Amino acid sequence: MPHTPLKRKEDIGLSPYELKFRGRHRSREVQMTVFDVSADDAQEVAIRTVEELQPYKDSDKFIWLNIDGLHNEALMGELAENLHIPAEILSDVMEPATRPHMEEFDEGLFVSVKMMQFHENMHQISIDNLSIVLMNNMLITFQEEPSDMFHPVKERLKKHRMRFMARGADYLAFALLDVVIDHYIFILGMIGEKIEEVENKMVLGPDRETLKVINLLKHELSDLGHHIKPAREVIMSLEKLDTDFINPENDKYFKELHDNINQAVELLDYYRELLYDELNIYHSSMSTRLNDIMALLTVFSVIFIPLTFIVGVYGMNFDYMPELHLPNGYFIVWGVMLLIAAGMLWYFKRKKWF
Amino acid sequence: MPHTPLKRKEDIGLSPYELKFRGRHRSREVQMTVFDVSADDAQEVAIRTVEELQPYKDSDKFIWLNIDGLHNEALMGELAENLHIPAEILSDVMEPATRPHMEEFDEGLFVSVKMMQFHENMHQISIDNLSIVLMNNMLITFQEEPSDMFHPVKERLKKHRMRFMARGADYLAFALLDVVIDHYIFILGMIGEKIEEVENKMVLGPDRETLKVINLLKHELSDLGHHIKPAREVIMSLEKLDTDFINPENDKYFKELHDNINQAVELLDYYRELLYDELNIYHSSMSTRLNDIMALLTVFSVIFIPLTFIVGVYGMNFDYMPELHLPNGYFIVWGVMLLIAAGMLWYFKRKKWF
Amino acid sequence: MPHTPLKRKEDIGLSPYELKFRGRHRSREVQMTVFDVSADDAQEVAIRTVEELQPYKDSDKFIWLNIDGLHNEALMGELAENLHIPAEILSDVMEPATRPHMEEFDEGLFVSVKMMQFHENMHQISIDNLSIVLMNNMLITFQEEPSDMFHPVKERLKKHRMRFMARGADYLAFALLDVVIDHYIFILGMIGEKIEEVENKMVLGPDRETLKVINLLKHELSDLGHHIKPAREVIMSLEKLDTDFINPENDKYFKELHDNINQAVELLDYYRELLYDELNIYHSSMSTRLNDIMALLTVFSVIFIPLTFIVGVYGMNFDYMPELHLPNGYFIVWGVMLLIAAGMLWYFKRKKWF
Amino acid sequence: MPHTPLKRKEDIGLSPYELKFRGRHRSREVQMTVFDVSADDAQEVAIRTVEELQPYKDSDKFIWLNIDGLHNEALMGELAENLHIPAEILSDVMEPATRPHMEEFDEGLFVSVKMMQFHENMHQISIDNLSIVLMNNMLITFQEEPSDMFHPVKERLKKHRMRFMARGADYLAFALLDVVIDHYIFILGMIGEKIEEVENKMVLGPDRETLKVINLLKHELSDLGHHIKPAREVIMSLEKLDTDFINPENDKYFKELHDNINQAVELLDYYRELLYDELNIYHSSMSTRLNDIMALLTVFSVIFIPLTFIVGVYGMNFDYMPELHLPNGYFIVWGVMLLIAAGMLWYFKRKKWF
Amino acid sequence: MPHTPLKRKEDIGLSPYELKFRGRHRSREVQMTVFDVSADDAQEVAIRTVEELQPYKDSDKFIWLNIDGLHNEALMGELAENLHIPAEILSDVMEPATRPHMEEFDEGLFVSVKMMQFHENMHQISIDNLSIVLMNNMLITFQEEPSDMFHPVKERLKKHRMRFMARGADYLAFALLDVVIDHYIFILGMIGEKIEEVENKMVLGPDRETLKVINLLKHELSDLGHHIKPAREVIMSLEKLDTDFINPENDKYFKELHDNINQAVELLDYYRELLYDELNIYHSSMSTRLNDIMALLTVFSVIFIPLTFIVGVYGMNFDYMPELHLPNGYFIVWGVMLLIAAGMLWYFKRKKWF
């Protein structure tokens, strides 16, 4: 969850028009690449200024402009001016704590969701905003950090250029969102495997380590839910939206997105339930174990406490204690004590204490 | 729940058109059988290629094509081409982790639900996808493994061929889904019987075994719910759907499906509640038992601790301890100790500790 | 809850047209009685065959046909044929595990709810299906067992024959359902009284018996809810239904049914909440009691453990133990022990342990 | 909650037309008072028979008829006949266990809510039904017991007679319901103060008394919720109702009622949450206290148990025990015991047990 | 939460027209300032009487009138009369316990929300009502206490006067509400940081202090939710409202408010969940710790209890105890005791008790 403060005191009251970056990373340079779908050799081209976009804009097909890095406020201003993207929307793009949401404006659609990626080498999940601006002949994507998540889409784009051209920029938007949701499901699946592992360990008897893992997984699921559930709302409003920027022929793809994100949310709820059950099993077994410990202590104490009392009695130093002088006194006491112990054991056995 | 990963890394970013099998079983050959309802001797006929379907397709009545096994990607391609089933739909058919859902396409309806079957000999529940494609004069069903679940429908189909012919392929779809839901209820009923058994055992006093069974049953119900609840959504949207592929005369059957799946979901919730109550009873009885154990330990300790102290006192070896030389010292000490013990017993009795 | 299996293996896949009895009681003969409202001396007449209904059917007013026993499959077939009741509906009537539901068919309405009756002599609640078929000039009711539940309605029917005639068969259906719901509320009220009793006992200190009663009442409420909540859905859809079989003038009666069943469901939820609170009180008082037990044990142990150690010390048999030979050694030890005991007591007092 | 049975066996199956009183108080005489708003000296006049209403009925303005006591069945019959109030509605008025609800009839509106009043002298909350019948030129209110709750409205009615006349009987109905809801909020506020008191006590350490108060307050809130939540439904349907009996100009007042009752329900939920949290704090502190008790017992036991064993060893009477004859044996044993005790204390200190 | 009683006995039954202040602070004088947006040097001007507003009212642009202090009933009366604000609305303004709500009247819109501010110097959150009356060429804000919360809006108003003029008074209302919601998120973020701190402490092992902090934070979140959730309802109805007082061009700003308040509510729920999880971790670790304590006590007791018994046996003073006279008796007893201890330790080790 957010380690940058959600709202900084000095940002309160800012106009929604202010193009101010509110995140942390500023060292790297902002990278822009253009993917011209209509070109014969559909290739990614790196550009440096917004002006370099000019030749692509007149294309009768669509282009994909990807921007990695959000901290160049001047560049954002140029984008706003040149491409007629409202300042309010770019101001949202530049806010890393923004909530997944969807907005329509005069010349396009704006969609913001969280993209999550598992980095196998670091055993860590990274979370970034993906902002998509869908316009008539252009799709713009913004990310704070460069990532290789959309590599398979780029491959498909190169291989099936004609298909993408025929279906338009909205189909490309679908393909990107589809990848984002597939990653949700992939990450959930990984957590699910860990939950199953914990479950198998539980059978052997839970220990403190298990409890820590369960609590950690719960925390992770909470965080994922915090990102996935608003994304579902976005996808649902995209599906219901009656807009010129999505070709009705492509509606079925957005319906599929909806099915996929629903699957993600269901998995989330299912895993939460499993974890909740595991926590319950942990507590049940703890309480059962406490019962067993106390039963053992009690059996031992209850048997030996009277015996220890009896031997104490005959350790007293009174001048006149008749039993002490009985010839078989010592053996009689042993007999009595064995009887008491046997009686107690029989009683506990009958009560099924062990 | 899913033991195949939900989403394999290499499947992320695949086009929804890609006809790629994503499950595990590939050894057996794919089996296709055709059931021609209009034929006089309505019989199942095994076929090997899609071309063999040609003669049936011109029938003015409908045929039922059943396909067991989903891993023949070439066959799926032929089906797509010959029967005009969109590739997106066959791609869903080939994904074993697909979520129950329903889709309408130009020439038909696609329905995917989970079918569950209890194998008495193995004391095990198997779960498989059932994909149904309903077209004007054809019903296609896909399963990953062959099963005998639809045997009674086939019997009815043979016996009442005319009735099925009159009502159309959508009625056959209803009959199959009805069997699927009946199996849900049958399996829920079996779990319900186990829950009642546990309940009866509870009366005698719950032990660790009971706890394990309760947790197991909870887990099973969670899994069933994960399959049944999305199936209810499918049935509900089927009922509400305004489509050419379901004859309005058959609407009442789909309403009945809805009633049946509702019954399944209600049973599910009812059993969950029962299990939750049983778990509570287990915990209550554990906490009551701990109280009892501790009360016993405390009664014994509190009575004997002062007595043991007293006998200890008169075991001391001081040169001058006047009580030791009293003629009745020993008996007086016994008297005092009996008084203390009686007092304690009276106190605990009054406090209702035992 | 269901002690007959919900679904028998051999019933899966049956056609919805199959008129097969799926319950258990087959010994008694099926009883049919007709109540002709238009007759001057509105009386119940027992009949044996469906043909005997013929003279009543031509009546311009309505008749009430009551059938006790559902296992006569031939009779059901005749009813289907003679009165044009669809086989699907009679098939539902013959299924004792059917879920409360409502269905409209060409010539009437079908309503199925659970009727519950408390038998004072047996201290037991019986549950039976009530199936009502409402047609233009006929009301048919089916029950598996004969009961006297509708006796007051019959009395009113005899007394106010004209009023019933004026309002029609739908008003009679309302009157019957009203009695059914009144019984729900009556039974809930009885459970409510038991819950109040438990509450009063709780004040004195809960014991194991209380816990058993609470769990039993929870179970009973769960069962009732399982029958009452679907009945509410039925009543709600009856109220909203736009049908020819309910005279708009009688709409207000169905609105009243709705109010009544809502009251039943609210009571149910209210009592569940009370029971849940009582269970919490039980657990709180158990945990408080455990605290008290342990505090007592600890106070005793902590005071006597050091004292017992001290007397042990002076019971040792070392050759040279100077304290033993002090003239007042014994009394000094007593003094020290009393000081320790007093200090401990003061400490526990200050910590408010007792 | 209901101490009168909710439904008496003999009342089941009564016609909704039956004007039968189902409550308990029958001793007092029924009191009727008329408030003629159009009269110059708007005064309350006591009347004895329904006929005395005649002169007021022809008034072109409206009158307020208040009836305290519901057990005069004859009077109710006259009201039904003279004022054309349907018998079903008066039958509801006479049922003390009726659920808050709202009904429209040909010549008016019927509203039934619970009125709650706190009696400072008795430290008790009384609950009564308020039944309001709103007709074109008449407002009738029924209560089982006379109360002074509407005194402030009567004062306002006398002072601002013209304003009430201008706004009509529906405004008077609003004013009465407003007072009823204000009392809900007042009583909730009083409970809220008690909850804050408990909270402050909790800081000092919860005792058994606190637990009792929390459970009592929970019970009271449950009861209030059982009355307030259905009242909200009534107010909501009043607001949405499209009726001739409420002047559209007065709609805003009913919207305000809605806001007020919403505030009441929110307070209710907020207080429930607070109580739930307090109960949790109680349990947490109980479990923490048990930990502390057990830690103390364990520290004492674990330190002294080995020491007591050691002194026991040297209290044995074997003929040959070499340590006993060491010149410094006694002091060496003391040294060893002090070392053991110090080691234990250091261990517990490091483990942060105290 | 409310420390002023929610409803004072004497306020029940007041007419909604009564302009009576129901809060506590009356000492300070009421302050009024006017901000004339159309003036060239847009400046705040303090005024003393409602008449001084006259010159501003004829302005063709809009003015912002801010009133700090609600207890001047005469002034409120003048406002009602001069500016045609209905008395009901001003009566709501003067009620500090009013629930956030929104109302439309003939000449404007009324919005009431809670504004929350964190005072760094006092480490405290203050809560006040913000009442906004939006009319065609005037925006009136009421607060009970003066605050500097809207300082940034005033700065923007001075700097971008033309932009505000162009967008109208409704845009100013948006800007103020936006600041209010930003403060909600800021305060939630601060609580979120404290929750993370607690989480980090939890890893080290929770102590009593942690529990107090968790309970405190839960209480604070409950309070915030009690204010923020109704505010969301207000924002939602503002967004949906079809009114002349909000320019359709400004709709997008209200949509943004909606997104922001949704983020606040989601954060609230997310933090509640985190706290709930932390509480669970606290309890789990308490129960684990109790297990550990009891295991330690039991291991010690179970090992030493039999040994102490044995040494007691040989401390008895019987005349004839043969073992005592064995030459190696003492050493044999030591051997037996060491064997017993070792056996016990091996048993506990195998059972994994430590």
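When the chains are written out, they are named A, B, C, D and E in that same order, and each has its own residue count from 1.
We adopt the following convention: contacts are C-beta pairs under 8 Å (C-beta built on N, C-alpha and C of every residue); 3 or more make two chains touch, one makes a residue touch a chain.
Fair warning: this is a prediction, and the values are worked out from it, not measured in the lab.
Common neighbours of subunit B and subunit E, listed by label, are A.
The set of chains in contact with subunit C as well as subunit D is empty. Note on connectivity: the fewest steps through touching chains from subunit D to subunit E is 1. Mostly differing positions are employed by subunit B and subunit C in their mutual contact, as under half of the interface residue numbers are shared between these two copies. A straight line joining the Cα centres of subunit A and subunit D is 42 Å long. Taking each chain's centre as the mean of its C-alpha atoms, subunit A lies 26 Å from subunit E. Each of residues 287, 290, 294, 297, 301, 308, 312, 315-317, 321 in subunit A touches at least two other chains. The part of subunit D that touches subunit C in the complex is made up of residues 1-2, 5-9, 11-16, 88, 99, 101, 103, 105, 205, 208, 211, 215, 218-219, 222, 226, 230, 279, 282-283, 286-287, 289-290, 293-294, 296-297, 300-301, 304, 307-308, 311-312, 314-317, 321, 323-330, 333.
Note for the complex: subunit A touches subunit B at residues 150-153, 155-156, 160, 175, 178-179, 182-183, 185-186, 188-189, 192-193, 196, 252-253, 255-256, 259, 262-263, 266-267, 270, 273-274, 277, 280-281, 284-285, 287-288, 290-291, 294-295, 297-298, 301-302, 305-306, 308-309, 312-313, 315-321.
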